[in-house]
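Heads up, the next two complexes both have chain A, just with different partners, chain B and then chain C.
Now for the complex of A and B:
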């Protein structure tokens, strides 16, 4: 069994070690499944033909009487339901419809008749027990019709962040049942002025922005920077352990900073203030960073190694070239240039050398983001009508579609690591907030609720 | 985009003025036995309108209706001795420099902007030790990412004009804040016009 890797840090919840323990499934004890299916398919729960499987996730059962264990049990069930709902691979039966179904007393005593009556194809049963300083969480996914367990795991760890157990189960269930890489354990980063701190220097009305991180669903929002300066455009490293961002903390001049957010070490400044540098974008393999700089007189694109070595210029044009983003393979860069008069999206090989190819045709386009395989798509923010909206460009066909339609200003899209979702900033509910939305424009979720929040990035 | 509650923002910007306005409201309201209106009227928009208002829009000066009761301690531009003795923070809180305004998605300095820059250059010549940062700003309608480069272009345009008027380049640095620090949080054409600006901050004296 792989041991999930966890991010432990001063800034992000102090999670104690969290280890997947013995997960040998006691499936052998179960009666053999009804024999009309080939054995490889036995573990996949299906729904009625043409419809997604219907799943239920009742509250997990606390086997210990203390309040923390009971709260953890309740939280895990609710969060797991939410995580599974997010990917829309299952029809998640609303939790308030099965409050009257009695809890399972053990994995051997599940009231399958009631779950069948409810119409569930699958039900996820869990038990939470206090063990020493932490908890043990046992989870099984049952095929309601065959009454067999198709997934059985046990996790041990701290009780302080029960959501992490739910996220882990959700990712593993998505992988096992649907062959899908879930995003329940990924994180978002963004900048926010929520603390209302003012910039130094006497000029009135200047709220600083600081960098924050949050779980993909908006839980556990934590501040990363404490500088009382402008900190903007954070992006995740490929391993999710560092953030690169633009900060004005030194001499009120923008430069690229890298914070290893789980180590408590001072941020690195690979460019050490040479020129003004902003809008970093990390290559998919984590070795290089593309950024914008005016070091040669006007805004151009540059690429450097992570440690600041080997800075090389990628564009050379008297117009503005900015906002770089890498293709998933790291061989191309999409960026914004106003060489045609207004800002538009262009593609260029990551090694340069070829004239950029324009792909947008709106009156203003910026902040391209490239979806990973199997989606060869680029989303960007474009001025359509009187507001900015999110458009998605299919690189192969050249077709464009739109997923926001004038509800406030919609900017700074970024794809989730599985390409199925987009995080973006929108003013649709008044202030500037971070939202996530499906790549089909459905399933909108609001991530932030306080202050103004900008320019999200989604960890890999 | 950033729309903090206007009261602290205004109070900070024009403390004495706001107090006077609130006092006036309180007095008026007391007569009618109603609670005082807690929110002073926003700064008025001067005559100009539309995207071309950049050419006529006023710099961040005290708003019109309170002119009748100006705070007595406010120094004037001609109060040279006072300017020279003020701290950097005080200088930048009520800057002797006027801002230069730009049209939408443009960095051209028009006649009004040239006049402002000439006046600013005179102040810089008078206080020859001052080092000034030219900040480029944008309105909120463009995207945050591109606006950072656009603001940089505006700052450079203003700086280059000041250099052409004889201000040594080493006394001028530039920085862009894109749309991060709007002067006017409003969402009107007038507010946008006031936010598309080059702003001058004394960074050393």
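Now for the complex of A and C:
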């Protein structure tokens, strides 16, 4: 019997389908080549794939011979390196390896081959020249491989604080190269007993603490209150020009004071001493202040306008409600309450009216602060084991993570304005000092070295 | 396998003519073709699962993804090192001053902090130790000295 030809067709079709399937390998699905884009002027410096770009910042070159200009030139280079290292966006080549590389004589004579030999992708060259009343600082960022300038700026001003030039350059380089808001020009404030101790002849006097401000890296520490009284819990206004704090200077009764630290005017007392008021917290837009008061008999949360008008009660519970902190949008307030027995963190709308929502479940939790956008997180200190540690609560997911692990007592966290760092007080090196740490728990830096220092706040 | 009798159908229509004509086969004999193809089909079906190389996943994208490289790092100390103080890091000419930093950068993403050191036979032990000092400063944990096995003449 011959096989009729119509039986051949399905077999051939099946085999054709199989062969087609077998040859459809991943290699056969190559994407169409992307059309060539017209090349743009590339202004950002990149490293090898997967690694941060490597930067070198040699000492700036003084074009004038006087000692002040030369000291300023050295300081700017060192501080700039430190500022860039702080954000960890670049691999900063250690400065002690630059020794044999000759300094640039001008922007046209940069020894690029030597920087390339050291592995640098970018190098920041600057010149400092004395002018009539101050100095002029010229800065350029060079791409070492293409030998082109990707950033050029000139600053002029006083020579008294060369660190400010470095901070400004660092913030602008971070903004231009990484689109990142740097914190080099932000400031910290804290309370310290270092002067009270000195006045009492070396014996700590727990009733005298003054308010201090310092650069973010701990430089230029400066006292802003002179009261020989207890001044605690300083917080920055949103424009960074005023501090609100709790002071016991009048009748030993706590009240909220607002100091415009750059104007020399006497501090304002918006609440005029009615009741005992403490622990102020400035709203993100700077128009309102949340605080704790016992004016109605029990410690409750209140919100007022900056000038002390329109005082509104936010909580109403026989337990203690304290340490308010605003959400970045200004529509919610986190605070500490012991209404469930032990102090825990609660959230309440800034207009009140709703029962607070508990977000912590620790044996003891206090001093919450809200991270700025885009991080929707709340940091607080929690009793874990035998010591206080910093925990971060993710508001959206409800997850908690810990960034300090039992080294001393770590309390009172606050976020940097870009949310990437946290300042806190810790006893890990003996006395109570202010530290900063990355939000991943790395990159610890000690800010204060003398006295006992408490409750930092980071300017916006 | 069915028996195919080509004459049966072809001759039946010519009965009565009195002549038997040996006609040629009008159709292709597909049976062995199908047999071979079915065997090939089975072979490919068995072999196809074995050709998979791994699971197909979309890797997450991260700007800071470390490139885990296992590339070996060679430092070559040439005979001219005594005069020029220049070594070679893989293929780059590097001054001794910059060597430590370059090795540190190269080892950032390496789990094995090891470097292979190849020196010219004329390089003194003092010079080799200067290079090794730089490598140790850069965090190198293991330094391998590269040598070659003697040829038939013993050199």
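We take it that the second predicted complex is superposed on the first by the 408 of 460 C-alpha atoms of A that agree within 3 Å, B and C clash if a C-alpha of one lies under 4 Å from a C-alpha of the other, contacts with A are read in each partner's own complex, and residues count from 1 in each chain.
Convention: a contact is a pair of C-beta atoms (placed from the backbone, for glycine too) under 8 Å apart; a residue touches a chain by one contact, two chains touch by 3 or more.
Computed from a prediction, not measured in an experiment: that's the story for all the values here.
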Per the contact definition in the header, classify A:119: touching chain B only (first), chain C only (second), both, or neither.
second
Which of chain B and chain C A:252 touches, first, second, both or neither:
first
So in the superposed three-chain picture, is A:266 touching just chain B, just chain C, both, or none of them (first/second/both/neither)?
neither
Scan A:298 for contacts with chain B and chain C and give back first, second, both or neither.
first
Going by the touch definition up top, name the partner, chain B or chain C, that contacts more of chain A.
B
Answer with first, second, both or neither: which of chain B and chain C does A:230 touch in the superposed model?
first
Touching A:100, do we find chain B (first), chain C (second), both, or neither?
second
Chain B versus chain C as contact partner of A:320, first or second or both or neither
first
Is A:374 touching the first partner chain B, the second partner chain C, both, or neither of them?
neither
Okay, in this complex, where on chain B does chain A touch?
1-4, 9, 12-13, 87-93, 95, 105, 133, 140-146, 148-150, 152-153, 156, 175-177, 180-183, 185, 199, 201, 203
For a test of understanding, state which residues of chain A touch chain B in their complex under the given definition.
193, 196, 199, 201-207, 209, 230, 232-233, 248, 252-254, 276, 278-279, 292, 294, 298-299, 320, 322-323, 336, 338, 342-343, 364, 366-367, 381, 383, 388, 409, 411-412, 427, 431-432, 452, 454-455
Note which residues of chain C are touching chain A in the complex, please.
2, 4, 6, 9, 27, 30-31, 34, 37, 41, 44, 48, 56, 64-67, 92-95, 97-98, 100-102, 105, 108-109
Quick one: which bits of chain A touch chain C in the complex? Just the residue numbers, please.
1-3, 5, 8, 11, 15, 18, 22, 26, 48-52, 54, 91, 93-94, 97, 99-100, 114, 117-119
